[in-house]
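Across the two complexes that follow, subunit A remains constant while its partner is subunit B and subsequently subunit C.
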Partner chain A sequence: MLNSTAVQPNMYRYDEFDRKFVGERVEQFAYQVERRLKGELTEDQFKPLRLMNGLYLQLHAYMLRIAVPYGTLSSRQVRKLAHIARTYDKNFGHFTTRTNMQFNWIRLIDVPAIQRELASVEMHCIQTSGNCVRNTTADQFAGATDEEIEDPRPLAEIIRQWSSLHPEFVFLARKFKIAVGACKKDRAAMQWHDMAVQVVKNQEGRTGYLVMAGGGMGRTPYIAHVMKEFVEREDILAYLEAVLRVYNQDSRRDNIHKQRIKILINTIGPEEMRRRVEREFQELKKMGTLTLPKAELDRIAAYFAPPAFETGLPDTIPDAGPDFANWVKTNVNRHKAPGYAIATITLKTPGQVPGDATAEQMEAIADIMDEFSVGEVRVTHEQNLVLPHVRKKDLPAIHARLKALDFAAPNAGLITDIIACPGLDYCDLANARSIPIAQKIAKRFENLDRQHEIGELKIKISGCINACGHHHAGHIGILGVDKKGVEFYQLLLGGSGAEDSAIGTIMGPGFGEHEIADAVERVVGLYLKERKDGERFLDTYRRIGMEPFKNVAYQEQLYAAYTG
Partner chain B sequence: MTAAMPAPTLQVLTANRLRDGAVLYRKGEGWVLTLAEADIYADKASADAALATATAELVRNLFVAPYLFEVRRQDDRVVPVKEREIIRAAGPTTYLYTGKQAGQFPPDPALEGPFQTSVTDA
Partner chain C sequence: MPLIRVEGGKARIATDSFVAVADDAALPEGAVTVSLARFQKERDQLLARNTPIGVKLQSSENPELLGDDVNRLSLVVLEFPKFRDGRAFSWARMLRTRLGFTGEIRAVGDFLYDQVNYQRRVGFSAWEVREHFTVEMFERAFHEMTNVYQPSTDGRKTIRELRAER
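And then the complex of A and B:
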C-alpha cells in the first residue's frame, strides 16, 4: 500500500511524454507475453523481447530486473518494490551492482501486472537487459558531497532519455554500460565502464565533460581509456553518440567474447579509436541536431535542485554510545551543507545475503527516508543504500531505527562489506555459488575490532567469468569456477574499482569451497604482518607483490604436498 | 582379471514451465515437479528419445528449454552429479525456506492446461 504522506524528493519526474512512452511499452510487452502464452510467439521469437524488458529465465523461475536510474529512488518507489516483493515474489528483493533491483521468483503470467504497478510510480524494466545501453549509474553521493563540481545526475537523466529506445542503438553488438561522476573520488567504478563521463573544469574554469571508454570486466578485463579530456556541455550528446556509432559500426559481431567496446578499442588501439570518434563527432557537430541546449540542461537540472536545507543546525554529531560511534566512523560521510551528513546503510550485516532486503525492511527504510532524508535513497554499485541528506542531529535516531532492521552494520568499505552476485543459487550462467562464500567470509571477520584494525579492504565475489560481482576490481577478488560439477574459487589480488582502478591478478589454482575463507584469512594475516603505517591492504599488495601472499595462501596445500 | 564395468550414465530430462518458470522433470509422457518422481534413463538411447519427444512438444508452448543432466544413485535417492542441478532441484542454499526444499511447489503441472484468457490470472 502506498503511503499518502510519502515525501517527494527532488528527482526527475515523468512528464506526459514519459508517462505515455512507458505506458505504451508496458502494454506492448503485456501483449507480447499474452501472445507467447497463447503460442503465437515461439521462445526464440520471445526471448529477445523479454530480455529488452528485463525478464530472464533463471534456475528456479523468471527473474525480473527493474531499472533504478542512477541509483535514485523515492520512498514511494521503495514501497512499491516492497509491495512487489510481497505480492509477486518471496518477500525479498536484491539490489545489484548495476544499482538495479532484481526479483528472483517471478511468474511470467504476473509480469504485465508488475510492470503496470511499476509504471504507476514512474519505474520500468526497459533496457535492463539485452544488447543495448543499460541503466546509467552515478556516484551515490551526487548532489550531497562537497567534493563534486556539480550534481552529475541531470546529465545521467539526459543520457537515459537519449539512450532509451534510441533507434540506432537498440541492437548493439553487446550490452553497453555508462557511468557518470563529478569529482576526483570515484565511487561509481567509472573506469570499469564501456563509457564514463566525468564532470570537469577546463583551464579557463569552464565546466564540461571528460569522456572515457573501453573499460569492462568479464572474460577480458580492461580499464577505460580517456577518449577526450574536455567536451563542451552542448556537445556531450554528439560526442557520446559518436563513440557509440563507431562501436556499433566497427565492433565484431561474430564472436560473443569479442563484442564489447573494450575489445574494439584494445584491438585498434585507443589512438585510432579517438581518431574515428573525432571524425564522427565532427560530422555530428556539423549536422547540429545533437546540440544540447542550455535551456534543456537547466530544465532537467531543476528537477535535481538541492532540497531546502535548514540553516542554523548544530554541525556536530551527537554522542550516542560506542555502537553509534563505530557506525559514524565508517558509514557517515561529510555533506556539503552545514549540519547535514550522508549516511550509508550497508545491507551487509555479517551472515546476511549482500544486497538483499525483505518487504518489511524496504518499507521501514521508506519510512526512514520520509522522516529523515527528504524521501530519498540511493542504491550503490556496492549493493548498499545511501541516505543522501540527513541532519547530523538525527543520526542517532536513524542508527537506532536501522539497528532494529539489522541494517546498522558499521562496516562500509571494510572486509565484511562484500559485493556478491546471485551466483549459482539463482543464476543460469553461474558456475559456482557466491552468496554463501560472502556469508562465510563475513562471519569469519565479524569481530568489529578486527575489521577496523584491517581497515579498508574490498572483497568482491563473482560466480562466473561474467563478473557481475566485480571480482576483477576487488582488493581481494574471488571468482567461482566449475571443475567437473564441483565449485572451486580462484583468488585475485590487487584490483580496484576506485580512482586508482586496477585489474586484479589471479593468484593461481582455485580453492575448494571449504578452503577459500581460510585462504582469505591467511592473506589478510600476512597483510597485517607486513603493512607499514597507514597502508591499506591494496597499498601493501602493491608494495610487496603477489609472491608473499601466494606463499601463505597455499601453505596448507604446499604442506600437504610436501608431507604426502 | 577383467576390468570392472563402468557404471552406466544415468540421466534425467528437465525443463522450465513457460507460465511461471517452475523446474519440471520428465515422467512418462508428462512432467512432475520433483526429481524424486522423475524417470531415470539408464541408457543413452532412451534419454535421447525422451529429449527428442520433448523437443517436438515445444510447439505446445507449455514448457521451455528441455535438456538432459546426469544423476547418480546414493542410497535410496537420486542425486544430480552437478551442483547446479542439486540447487535447481532443491532451491537456493542461502534461503532454505524457499523453493522445493521448503515444500513450496507451484501448481501440479499435470493440472496446468494451455494458456486461456487473462495473463494476470494465476
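And then the complex of A and C:
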C-alpha cells in the first residue's frame, strides 16, 4: 500500500527538549534494568521503577504498556507498534481502557531496545503504571466534533509535560488518572477519574476549566465531585498541582485499598477538600511559577490545528448496500466540517478479543489512516479506534477496507461493543476470566437486526474487583469473582460512564460461567418487553428499577429450587 | 551512618555534627536532633540551649506542626519509612516554600538511588546513606535527566522557560 508516504497529522511534535527528555529517560531505565539483571536491585526495589516505565509482571510474562497520550496516534506510530508486536511479542497488541497499547509477552532484556524504538517515533512508556500521574485521556472526537468548545488535547499535552517526572508526585499513595473533555457529552468517562478537567465558558463567555476530583472504580466506586466550577486558563496547572499536593500530603498510606483520592475526599468531605485545595491554590497562584502564559497555550494549540478541510465536498453519505448502511448507523458520527464524518472502528467483531489487533491489522489501519484520515487515529476508552477526519464520499471505500480486516462490525455502542479487562487469561490479580465471557455474550447477540433492535447498551466486564473492565459503569456490568476455586459472575445494572454517570447496582448472587449469557439475555428480553418509546436499556432500568430484572434473571435458579 | 551533603551544587561526604537523641535519653552537649513530640514538650529548654537544634519528622507529620519555630531550627530530618511513602517530597517542598526554611533538610530511612534527584529538586540538601551509596552515584543521579518540565524549589529553569529563550 502506501507505506512509504506516511501522512503527518496535526498533533504534538517533540522538539529538541522533549526528544532529549524521553531519550534520557530510556537510558535511565536501561541502567535500572541492568542493575536488576546484575542483582543490584531487588525485585521489590525494581518494581516501582519498572512500573513507572510501563513494565508489569503478569501471570505468564512481562507486560509492557505504551502511553498513547490523549489517545492520538499517527500512522507512523501505528506502524511502529505493529513492528514491535511482530518483533518482540506474539504478533498482536491490546488497546486498553486508558487508551494505551499493551504487549503481553515481553522479555525484560528487550525492554530498553523497545523503548528506544518508541522514542524514535515520539512515544514512550513513562508513567503508564505505578503510583503516579498516568496517561491523560481525552474525548476521542476532540478536534472533530461540533459539540465542543475547543479541542481539549492541547491542555492534555500541557498536563502530560507538567506531570512527567514531577518530583513531588512520583511516589503518590496510589495511581492518579486524569481525563479531559470539552463538551457536555462525555465520551471519556470523566466523572470516573481521580481528576477531570472540562473546558467550559463562564457567564461572561470566557473560556476556562471546570475541575472534578474523586471519581474512581475499584472496590469502592465513587462519582467525582466538582472541585471548582471555573478555573481561569492561566491558573489551571496551579489548580491541578494544588489538588495533587493535598492528596499527596493527606491521603492514607496504611491500607492500599483506601489510598485513592476518592477515599480521601469522601472521608473528609468535598467541602473540606475544596477548602484545603483552595489554600494551596491561592499560595501557588501568588508564587506564580505555575502560571501558564497564553503564548504557551497558543503555541501548543497550534500543533493541533484542524487539518485543511476540503471545501465543496458532497455532504451526503453515498449508498453502498445494507451492510454499509448498518455500519453508518452506529459507527459514523457527525463532523464539524461539511462533507466530513467521524468513523469508529470497533475492535469488537463478535468472537474477537476486545481491543486486540494483530501487526497486520495495525499496518492495514495505518494505510487507511494515510489514505483517508490525514494520517491520524484515536484510541477510545471503550477499546475502539476512531478515524477523526474522513470525507463522507470515502466512507464506502473505508468500510470495504475494514471489512477485509474483520474490523467492520456495525456495533459501536451496541450490546456486542463490550469493554473487557484482560482477566485471568493474562492478569495475576484477576479472579475470573473476562475475555471468554465477552466473546460468549457477543456471539449470543451476534444477530445484527437484534442488536440494532436492542439499541444502545453498554456491557462492561471486569475479572476482579479492581474494575479495569469498568463494570461499575456498564449499563450491564459483569464482575468475575472466585468462589472456592470456581469462577462466578455477578451482574450489575444501571451504571453509566457518560454525562449521566452512575454506579451500577449489584443484582445478587453470582451466576456460573455457563449461566451468565443466559441471565444477560433474560435481562435484555425484559427490557424489550417493558421499554417505552425511545427508551434505552438504561432509561428503562431507571424507570422500573432492579426488581423486575432480578425476577427474570434468576428464573432458572428459582425453577431449580422449586423443583428440587 | 555516612552523610552526603550537597554544597555549592556538588555532592560531598560530610561530617554529621548532630547527635540524634531518643525521647527518653538525656540531652548531650552540642547539636542535637529530637522527635517532634520531644520538641513540642521541651521546646523552651531546647531553644534556650543556644546550640543547633534539629527535629526529625515522621512521614505522617506535617512540618506546619512546628509553627513559627521552624526557622529557629538548623535541621529538619524527614523520614522515609518505606521508599514508596512519598509524603516527604511534599513536606520538603513546603518547608522551602510556604515555611521559608533555609536550614538543612535531610533524608533518612528507606530511599533509593532513583529517588535522590527528585529529593534534591524538592529541597533536600543532605542524605543519611547506607554504605553502598557513593558520592559518584549522587552525581550520576543528578545528571541522568538534563532538563525538567515543572518548577520546584530548586529554582531550575523549566523546559517551557528554556523554549521561550530560544
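Assume the second predicted complex is superposed on the first by the 560 of 564 C-alpha atoms of A that agree within 3 Å, B and C clash if a C-alpha of one lies under 4 Å from a C-alpha of the other, contacts with A are read in each partner's own complex, and residues count from 1 in each chain.
In this text, a residue touches a chain if its C-beta (ideal position, glycine included) is under 8 Å from a C-beta of that chain, and two chains touch if they have at least 3 such contacts.
Given the structure is predicted, the values throughout are model-derived calculations rather than measurements.
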TODO: May I ask you to decide whether A:D15 touches subunit B, subunit C, both, or neither, giving the answer as first, second, both or neither?
DONE: second
Open item on the list: If we overlay the two complexes on their shared chain A, which of subunit B and subunit C does A:M287 touch? Say first, second, both or neither.
Closed with: second
Open item on the list: Taking the superposition on A as described, I'd like to know which of subunit B and subunit C A:Q28 touches: first, second, both or neither.
Closed with: second
Task: Which of subunit B and subunit C A:P112 touches, first, second, both or neither - done: first
- [ ] Please indicate which partner A:N248 is in contact with in the superposed arrangement: first for subunit B, second for subunit C, both, or neither.
- [x] second
Task: Residues on subunit A lying within both footprints (that of subunit B and that of subunit C) - done: none
Open item on the list: Which stretch or stretches of subunit C touch subunit A in the complex?
Closed with: 59-60, 62, 83-87, 89-91, 93-94, 97-98, 112, 114-115, 117-119, 121-122, 144-152, 159-160, 162-164
Open item on the list: Please output the residues of subunit B touching subunit A within their complex, sorted ascending.
Closed with: 16, 18-23, 58-61, 64-65, 81-84, 87-88, 91-95, 98-99, 104, 106, 114-115, 119-122
Open item on the list: With touch defined as at the start, can you tell me which subunit A residues reach subunit C in the complex?
Closed with: 15, 17-18, 20-21, 24-25, 27-28, 31-32, 45, 48-49, 131, 161-173, 245, 248-249, 253, 283, 287, 289-290, 295-296
TODO: Would you mind writing out the residues of subunit A in touch with subunit B in their complex?
DONE: 30, 33-34, 36-39, 42-43, 57-62, 90, 92, 105-110, 112-113, 353, 424-426, 430, 432-433, 435-436, 439, 482, 485-487
